[in-house]
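Here come two complexes built around subunit A, the first alongside subunit B, the second alongside subunit C.
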Partner chain A sequence: MSYNPFVLPFSIGLVIVIILILWKYFRWVFSHEKAEQKKIVKLIFSFKIFSVIKEIFMEVLLHRRIFKINPVLGYMHSSFAFGWFLLILGGTVESKLHSHHAFNMFYEPIFFKFFSHNINGFPFANGFKFLMDLILLYILSGLVLAMVKRLYKRMFGMKKTTKLRLVDKLALTSLWCIFPLRLLAESLTSAQYHNGGFLTDNFGNILAAILPVNQLEYPAWWAYSIALGVFFVMLPYSRYMHIPTEMVLIILRKAGFKTEKKYTGFSRVEVQSCSRCGVCLDACQVYSATQRNKMLPAYFLQSVRFNKKGKQGLTDCLMCGRCQEVCPVGIGVNAIRRVKRNEVFDEKGAEFEYLKDSDSKTKKADVIYFAGCMTHLTPTIKKSMVNLFQKADVNYWFMDEDASVCCGRPLQVLGKEKDANILADKNRELINNSGATLLVTSCPICYKIFKEEYNLNIKIQHHTEYLNELVNSGKLKPVNLNFSAVYHDPCDLGRGSGIYSQPRELLSKISITNKLENEKEMALCCGSSLANLPAGFDDKELMAIKAAEELCKSNPDYLITACPLCKKTFVQACNERKIGKNVKVKDIAEMLAEAVM
Partner chain B sequence: MSKSVIVIGGGIAGMEASAYLSAMGFNVTLFEKDEKLGGHLLNWERLFPTKRLGSEVLTFLKKGMDDKIKVHTNTNITKINSENGKYFVTNHNNEIFEADALLITTGYDLFDARRKEEYGYGIYDNVITSAELETMFLSGKPIVNKQGKVPKRIGFVHCVGSRDRKVGNVYCSKVCCVTAVKQATEIREHLPDCETYCFYMDLRMYGAKFEELYNEAQEKYGVTFIRGRLSEANETIDGSLLVKVEDTLVGRPLKMTVDLLVLMVGFEPSKGTKDIARILNLSTNSNGFIEVVDEHTLTNVTNQKGVFVAGTTTSPRTITNTIYDARAAAAEIACYLNLYTIESRVKN
Partner chain C sequence: MADFGYKIQEDRQINYDSNDRTLFYFLKRVEPSISLCIGCGTCSATCTVGQFTQFDLHKIMLYVRRGEKVHIANEIKKCMLCGKCSLVCPKGINTRNIIFQTRKFLHSNK
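The block that comes next holds the complex of A and B.
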């Protein structure tokens, strides 16, 4: 057995980090109920496990999703993750082949060159020399990119990078030291014993020409070991916790875990999977409009992780979901934010006395139409829908024609779940008593809560889906009005509910649709989201103007959307005073009503 | 040869300023885009707070216009050049007119109530604007709704397009409150059985005899004032309108049906004002009206030497104040053209 005291910092650090990580794993998993835990066991003993392994390999090591966002950024991340993995794997195989033992001390592969001066005499010895140096070079190239990134982030497709906490800075410094120190230590050894490959051997020779290598070698190995040890001890408290967490996230997600109503062990896994890579920064419209940054997932998740007080990060968010779309780890930050808002704000506040007075008259009908309160503020949409129902000869009941009860989602996104449920109960009762088989709404905000939280046993459609079906089945026969249009995806309909194709299909029948820079998953929010209370009128107007400018770049005749709130917002923004041109704004239902005249 | 002034816009301010300038001996040319002089005054039956006829004021203004004033109606301005302190104004027929000074009196347009979609203008039959009600008064025909029925209840919505950040207008249009009071009392005069409700934020009865008119509306005419902004209007089957309001004095939401809903539309800089501002490179203020050099002391002076403004071109104002302002502008122009030393106070 080879031993030298300099391995101690590394070894102690490694033991500490393993104990801490195992403790965390244990807590995450065992905070869930038995039935949930069984899902993990079930996953491990199913064929799905292969796809889990594949995803871990592709995402945790190769960082495929970051590659997709920006190849240079992806290369940088993968060089650290995959490179280091290869270095450990290669080192282990090399050291075992060399010692002819299947078991050796865990630190031996890490400090192999120190302990083994003569490393010939086993299969592929020279190949390993070359390979191990190549891998080290791979990592070092990534390190150079990481350093460049701190200075020239635009090269990596990023306008902004995250600000680091002290412990992150320490961890980052020790991480950045590890590989140059390994190069130095191995080169200094190789300079004396010539046991290095193309990189360390040549570099060692250069060092030997100018430095007393035999005196420097031992301190260099100490430094390398200390850098490793420091990094390990810092890891569980820093952003680098994402390294051992992300694979747990992948496993749990595949096993069917989700953040729903409570902050669970899985939520912790999601929170700690955030590496604060900063990809979400550029996606955030509140940030780009106001420069306020506390709500950015990179910082918000950190404040959740470390139980930071202060509500701004929690509340100053549109919950539009653009950040979730770009997150390379796929953290469901909206769900976490909702849970956290509930923890802070969910107390029963409102009495809703009007519910007692409001009549519970239900009409029997085939289709229920729920306009939603925002549609009542944009009555052209409502009138168009009524018109279309009549044209298609549908037996419908206009549920909120006179007395409307809010769907509850505006309260729900603000963390007032209990109040929202009171309203939802009332609506559910009305809907269930009608005997209808289909509920159609004009408002994506209502649509989302009907679909996800109401547990209705009837079909729920947004009017884009419904009208598209009516046209496809020939019940409505529109003429092509041949105007040019851009389609704006409302957040709750597009990203929130995955309805992208139906409005486009419908619109293509009555207009010529122009392409957009950001659409579908990356569509911009109109800025008026009900989820953000701290954003003032000016902030929201700024976001609306920025979005309107981009949407109207192609000078369309119409800006078409499918949400009364987006419509209201863009009507005020799409004029000469705000964006330098006048573009008419309409809901898709209004346009269709005109086309079936 | 006496100096010449071109006045652009033949409304109240343009007419009154032309009259004074001509009387002072200047050569005045007045351009008006429409067929007749008089601007918005042509559409108004009676004026607050006196309830005298608008046509009487128009007659007074016309009397001031002597024969020397060259009036060009149905005329649009396409280009204005300036050279050596002279202005050259080109009309849509490419005729060029020369002047030593310009007076811009292009005024205001009424707010397009369609932009306040929740009130249903242009969507529901019986939502009309204050200007349309005035047209009804002016026509002398009986007051009926779209279905031909005599309304039993009429609602007046204050501040439509004024003091409303959401539509981009933060300013008060100054005349709508008192117009609503005037129109509501007139309705009570025309239709004694018709209830009238005014939905207001606060009532700005700042002018002489405005407050008296408001008191009279309540005491003599029985107009009901409800403090609270309308949130939305819905059309019912018979064409009446269900309005939702929060009564902020009682502190509870209120629902009510009205047979006619009158929107008190505010002022916005007119298209003509915006066009002229662009042509002459005049600075505009945050509300889009033409900016004067000093709001206290140089109220008719623009950032362009020799270009003056009067009336609602710079901000909403009443007819009375527009007439004052037109006369003030005439005096200012006279000082400028005759090089009176008092003019040295103007720095630009």
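The block that comes next holds the complex of A and C.
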């Protein structure tokens, strides 16, 4: 057995990090109910496990999704992860072949060159020399990129990189030291014993010409070991915890775990899986418009992880979901934010006693139409809907024509779940009493809560879906108006509910639709989302103007949307600010009503 | 007593010196836009809750300024936070945040 005291920092660090990580794994999994834990066991003994392993390989080691976003950034991330993995794998095989034993001390592969001066005389010895140096070079190239990235972010397709905490800085510094120190230590050894490959041998010879290599060799190995040890000890407290966490995330996600109404062990896994890669920074419109940054997932998740009280990051967010869409790890930030908002704000604040006395007259009908509060602010939308119902000869009931009760989502997104439920109960009662089989709403905000929280046993449709069906079944016969249009996906309808095709299909029948730079999953938010409480008029106007400018780039005749709130916002932005020459803003229902004249 | 639709008005004298205006100062700090209110009443006209009760946001805004907390505490709970008022306010006041913060303030300063 080879031993030298310099392996101690590495060995102690490794033991500490393994204990801490196992302890975390244990806590995450055992905070869940027995039934949920069984899901993990079931997954491990099913064929799905192969796809899990594949995903871990593709994402944790190769970082495929980051590659897709930006190849250089992907190369950088994978060079560290995959490169280091190969280095450990290669080192292990090499040292085992060399010692002719299946078992050797765990540190031997790491410090192989120090312990084995004569590394010939085993199969593929020269091949390994070359290979190990090549892998080291691969990692070092990634390291150079990482250093450049801190200086020139734009090269990586990023406008901003994340700011670091002290622990992260320490961990980063030790990580950056590890591989250059390995190069140095191996080269210094190779300069004396010629046991290096093309990189370390040549570099060692250069060093030998100018430095006293035999004196420097031993300290270099110490430094290498210390860098490793420091990195390991820092790992569980720094952002690098994402490396051992992301694997667990992939497994649990495949087993069907989700963050729903509570902050669970799985939520913890999600939070700690954030590598703070910074990809989400450029997606956020609040950030780009106001330069406030606390709500960005990269920082928000960190404040959740370390239990910071900062409420700004919690509330100053549109919950538009754009950041979530680009996140290469696939962290469900919106769900986590919602759970956290509930934790902080869900004390009973409202008093809706008066609803008890309000009359709950219902009308028997086939279809219920619920316009929603916002639609009452854009009355042409509801008029168009009424018009279309009559044209298609539908037996409908306009549920909130006079006295409307809010759907409850504006309260829900602020974390006031209990208050929201009272409103939901009232509406549910009205809906159930009418005996209708279909509920149509004009507002994506209402649509989302109807679908997700109301537990209604009738069909629920947004008017885009409903009108598209009416046209397809021939009940409405629009003429093609041949104008050019762009379609803006409302957050709660698109990203929030996955309705992308119906409005486009409907629109294609009455107009020519232009392509947009950001659409569907990456559609911009109009900025008026009710989920953001502190953003004031100025902030919202800034966001709306930026979004309107992008939407109107192709100078279409119409800017079409399918949400009364988006419509109202863009009417203000386009008409009052004169964005897009003469672009008219309309809801898709208004457009259709014109086309079936 | 027979109800003739008239009643004796309560005393409506406002004494700024004795009134407790801490709520207003608090709101001015957390939501400065409150100072912009011109009392136009557009918010009340559009209010969802106004269809069910006498709830009146523009009156509440007035009470807040005058420091008449007693009138506010129960009224403010009726709001559904639907956000219509902030969309119609001609001065672009974040009324929704004002209501939210008022509730929080009254909750912790009972």
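Everything below uses one rule, namely that the second predicted complex is superposed on the first by the 591 of 597 C-alpha atoms of A that agree within 3 Å, B and C clash if a C-alpha of one lies under 4 Å from a C-alpha of the other, contacts with A are read in each partner's own complex, and residues count from 1 in each chain.
Definition applied: a residue touches a chain if its C-beta (ideal position, glycine included) is under 8 Å from a C-beta of that chain, and two chains touch if they have at least 3 such contacts.
Keep in mind that this is a model prediction, so the values were computed, not measured.
Colleague: In the superposition on subunit A, see if there is space for subunit B and subunit C together, and answer fit or clash.
Modeller: They clash: once the shared chain is superposed, the two partners overlap in space.
Colleague: Looking at A:305, would you say it contacts subunit B, subunit C, both, or neither? Reply first, second, both or neither.
Modeller: In the superposed model, A:305 contacts neither subunit B nor subunit C.
Colleague: Using the touch criterion from the header, give the chain among subunit B and subunit C with more contacted residues in subunit A.
Modeller: Comparing touch counts on subunit A for subunit B and subunit C gives C.
Colleague: Kindly classify A:383 by the partners it touches after superposition: subunit B alone (first), subunit C alone (second), both, or neither?
Modeller: The first partner, subunit B, only.
Colleague: Is A:351 touching the first partner subunit B, the second partner subunit C, both, or neither of them?
Modeller: In the superposition, A:351 contacts subunit C only.
Colleague: Figure out whether A:577 sits in contact with subunit B (first) or subunit C (second), or with both, or with neither.
Modeller: First partner only, subunit B.
Colleague: So, A:537: does it touch subunit B (first), subunit C (second), both, or neither?
Modeller: Both partners, subunit B and subunit C.
Colleague: Of the listed stretches 21-29, 39-47 or 93-101, mark the one in subunit C with C-alpha atoms clashing against subunit B.
Modeller: Among 21-29, 39-47 or 93-101, only one stretch of subunit C overlaps subunit B, namely 39-47.
Colleague: After overlaying the two complexes on chain A, where does the subunit B footprint on subunit A coincide with the subunit C footprint?
Modeller: On subunit A, the overlap between the subunit B and subunit C contacts is residues 354, 376-377, 402, 537, 568.
Colleague: Which residues of subunit C touch subunit A in the complex?
Modeller: 31, 33, 46, 48-49, 51-53, 74, 77-84, 86-88, 92-94, 96-97, 100, 103-104, 107
Colleague: Okay, in this complex, where on subunit A does subunit C touch?
Modeller: That would be residues 347, 349-352, 354-355, 358, 373-374, 376-377, 402-406, 408, 410-411, 414, 416, 419, 423, 528, 530, 533-538, 541, 565, 568 of subunit A.
Colleague: Show which residues of subunit B lie in contact with subunit A when the two form their complex.
Modeller: Going through subunit B, the ones touching subunit A are 115, 117-118, 120, 123-124, 165-168, 231-235, 242, 253, 288.
Colleague: Which subunit A residues qualify as touching subunit B in the complex?
Modeller: Touching subunit B from subunit A are residues 354, 376-380, 383, 401-402, 537, 568, 571-572, 577-578.
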